[in-house]
């Protein structure tokens, strides 16, 4: 806010979007749980907190954990060591009938999951968002590098199965990866990525128009399964969702990724390294000790 | 005596009443936010800060817009400088047509985030009415008066400052007052780029669906515009109408 | 003969060239979107539809704004109706000061989402420059001319339509042209309430971070404003300047 | 027709009244000329008649109705107004300016066009050249004439004319005045006329109202004003040479001296000699057929020339004028030729008589004593 | 000082030139009056001199420099301009209007104030009453006078005056003219003056330029213009009574007839009788101490009254004028009293001589023949 042009603000200034600034599960709850206060809070559009942090206008910012700009701008996510934020780990969802027909699909897709930590996902997103590469290029390159595909898929002899996705970058990437690994194993795959918003894609899956897409645990818990209280521990959330979704809707959740596309608290990598901050608790300590911003 | 009271009332009384109303409103909502989420936003400290930021943005943007819009409008009226004026006008036109969001998106790369970009976007938004009205106002002066001034050997600068500007003053002021009102309204957008202002309240209210927060922001913004506009209106009347009763 | 060509050029040539430039731009970006993500947004069908929606919004809002702003501005100049005029002005002022986002948020309850709310918000944004300039323009007419008209037994309506409006025409037109440009720019906000328009492109471009989509939206919006403004400028010149070379 | 009763006008913010307890009675068909120093309230008086200003006190009757009870639009439509500042509509062509009121009254298009052309011609502006121009492309005097044409357009029964010919040259002004008087003879409008030109006031006015500082000082017909100005102020206003001005008011036909010797072309010398001897002028007029004035024979001519009849002796006579000339013109001709008399003819050059300086002196003096 | 060489002005969109091949040479310290019908190009000519318009052809020299080579601001600062449309600045008070150029020239505040008051007084507007008003609160003639004051404010060596007194009443105009001539005598400005009033032209002008349709028809001094108008057009322009107008140009002191009989108050009857008998007038003047004119004694007075010395017989004499009066005034007085002569005194009522109608006739006639 109070404008000293693009100058670096003094002290521990925190950039947040409007919603996060007042929600109980946002900034107020966070500071309460971790027991610290920022010197000042700057409210701005979600999309530009990353830039504000990079440009040194703030010392700490909130964002979403897998945004491409985190890696591109040399930022680092602080670990939510007290499990404050709800969790949004990602997992391939497959319809039960499809899995019954082609059980190998589970293994094929689970091959991708362990490769995707926050750092990786963020870089991949950055390749699309910042470097303006196409999602399929980026996905192919990534899978080739990790030896999951050969670059020359065989003639399909199975299928067809249909892979969908929501319409933002991360979803498009994940969708493309799923398609490629399936094709590598000889599936004929329909590309239905970029279908629409969460509700639309989920409906498509339930309506058997698509067979596979990637969903986030927190989203399913709150939106699809219509629970009110968020869960902040990844494993717990995954377990509950998998159980309930299979039982009620016949949807199978494969393994979940290490990356957690939830709210994150970020710092510049340099600053974090200098002060030895890894977790939000570290940050709280540093601030409470009165250490100045580097 | 009555005159003095009346004048006093017109100059200070009305703005004061409006300020008191605003203050009463703020006191009311801060004490009755109707929920914890709203209460977090609606503290005296926050509201005052947003207000201050808003005023700051508006003043700087408007000052710059006047400083550019009036001269550009004048350039347009000079036959010889018409071309330069046209260029300026077109730039301003284009600037104006680009949605503020797009401006922010496109310009924060160069100007950085926050105040500077906010001022820049607002400036682009306020400049047009000022420029246009300056041009139209000067153009509508009776030629006989200008001829008399020319004949008196006034140089173009003098004619401008002594004759043309004072005579087209009401029209130029109409432009500036329009700009003020637009500026105060548009300044709420500045929140998107972290330039603060009352937009913080409105957008926060929108995103967490708390009407009272939106209302507070909108109300204060409206009041601010009304007060500034009123004061400018008084200044205008004072300067043009001192002893003219027509 | 040369005259005719020149006139033809001024009336049709310039807008045509601007339209051709826009068309060329659209053809270029549709064929060279620079990637699949942009290509999904930038189809001929989409672009034309956004453009159509945008024009529709702008025309309706502007028509309504003129229909209210000019009469309200006139009311303000009548000593007897001054009070009503002041009320209208203040309403318009307040309307204008409420940020468009807040208007959308507050009014969609009554008007529903989409076109109608979009028009309403735009209308509130365009009306002020028109009202203000109508008032200022009429006020700056030389009293001798009005006295001559009074002396000729013209009734107030005739004086208004035959003398005051034609004479304050340049100033009123400056207001309308300002309003057009503001309106085209602000209409991009309509996307937030699902009223479509070129704002769809800009916001999509922002959210998928494809500058070319933002640029297409912004460029078309700017071109639209420039063309409309140019045409109004020609109309104005035609009506005021038929044989005046001053 | 127009009656002002104790009318006073005090402008807001001023303590001195611009018009002060003014009463004036203007009869139907009369031209009332207001004269007086700059700022004495002439324009203000006019503007109260068509209710551009409302009087602070007093009332104004037009016809038989208080103007405050008349519909203001109707009132003004019936009153042609030539405004001092001219006030042409700058956005309209000359034609459109003049056509304003007729169009207001919804005259048929043809008639409007015809009337506009007629009026522009009347005021000496060719419709083809000037009709389509904007006022800013005319000279000052041309603009003023357009203003006059505009006020006359719909032939209103009452006219207020505030210095209508002030910016016009004497030739054009004279033409306009004459046209105006000719029209007035036919149309018998009621007219209030302001001028600074006393000659014009005398020529145009049936009555002249001399004003000073908002008050009416003298209200009388022009001759009276000249011959017996009520006070020093009026005397000054009409000027020291007001006797010469009065000569403008009298025509040669009114003071003709018919008792003058004349001979025919064929008259023999003896008769001529006799008549010259008897004549006060020491000369005789020579008339041709139908009493046409051929010349003059003076004592010297008889001595110098040789011949038998008048035709052999007469000399061309230059100091002549027509019988509708004013005495002022006659005196001027006498002065030019240094002669103490002038021969007067009618339109067809028929001899009517002579006028001597003495006659002129006599008339002016008698007249002055009458009053 | 001002030299126009074959100047032509054709307005865009018009084919007839507004000013047509005009050459004019105005000497330093001279007043050149432009006269001519409305629309003949007078205003256009003026506006070319201060470069409001640029000539289509020809050139204008001011001093010894082509005005196109002079700095335009400098040029205009040196030229006072009274614009025909008056053109007061509506947003400024009367004072501020007049003070414009002096302030422009950064005169000290005191001096400006003093000059403004002086000028307003000069044009007959009390600074206390009118100084603070806006132009819209003045009468037409008052506005025009402010325009004149404004143009004179900085005492420019050259003045262009476009009908400066057109809207002013005769008394005020006369005063202004006289003031103006008095100032001109001292200041010797070079002035171009437009008027429609031939009397004014004659009174004010050292030279008169008669224009018609943009062309210069005659350029001569006033007397020549009146006595020998170059053609019918000029004759008409100056009017049929131009001989009487010429009388405006001559003063009684120039034609005084000193050869007149007079007696003192104490002169005895016989001497009076003798003198009356010898006198052409059949009357003698009676002078008091210091040659003060006391009255007149005519033949009839001697018969009617009884007494011993002149003091017992003389009658008051009314037909008198001062020796700076014009012949026109003198003639007018004669006409008023029906007398063929007038007694002329100086400012202190000392007798200077008499003038008879015959003298006036003689002068006008001689003069006409001279030219």
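We call the chains A, B, C, D and E, going by the order they appear; numbering starts again at 1 in every chain.
Here is the rule we use: contacts are C-beta pairs under 8 Å (C-beta built on N, C-alpha and C of every residue); 3 or more make two chains touch, one makes a residue touch a chain.
All values derive from a computational prediction rather than experimental measurement.
Each step here moves to a touching chain, and the least such steps from chain A to chain D number 2.
Contact count check for C-D and A-B (C-beta pairs in contact): higher for A-B. Here the spacing of chain A and chain B, counted between their Cα centres, is 43 Å. The mean-CA centres of chain B and chain D are about 62 angstrom from one another, to the nearest whole unit. Rounded to a whole number, the gap between the C-alpha centres of chain B and chain C is 19 angstrom.
Multi-chain contact residues, meaning those touching two or more other chains, occur in chain D at positions 85, 90, 136. Each of residues 142-143, 167, 203, 206, 243, 246 in chain B touches at least two other chains. In chain A, no residue touches two or more other chains.
Those residues of chain D that touch chain C in the complex are listed here as 47, 50, 52, 73-79, 81, 83, 85-93, 100-101, 104, 132-134, 136, 147, 150-151, 160. Listing the residues of chain E that touch chain D in their complex gives 11, 35-40, 42-44, 84-85, 124, 129, 137-142, 144-145, 162-163, 166-173, 196-198, 236-237, 239-244, 246-247, 325, 328-329, 331-340, 357-358, 360-362, 364-366, 368.
Note for the complex: chain C touches chain A at residues 34-37, 40, 206-210. Touching chain C in their complex are the following residues of chain B: 90, 93-94, 96-102, 105-106, 125, 128-129, 132-133, 135-137, 139-140, 142-143, 167-168, 170-171, 173-175, 177-178, 181-182, 184-186, 188-189, 199, 202-203, 205-206, 211, 214-215, 217-218, 221-222, 224-226, 229, 246. Residues 47, 128-130, 132, 134-136, 167-169, 172, 194 of chain A are the ones that touch chain C when the two sit in their complex.
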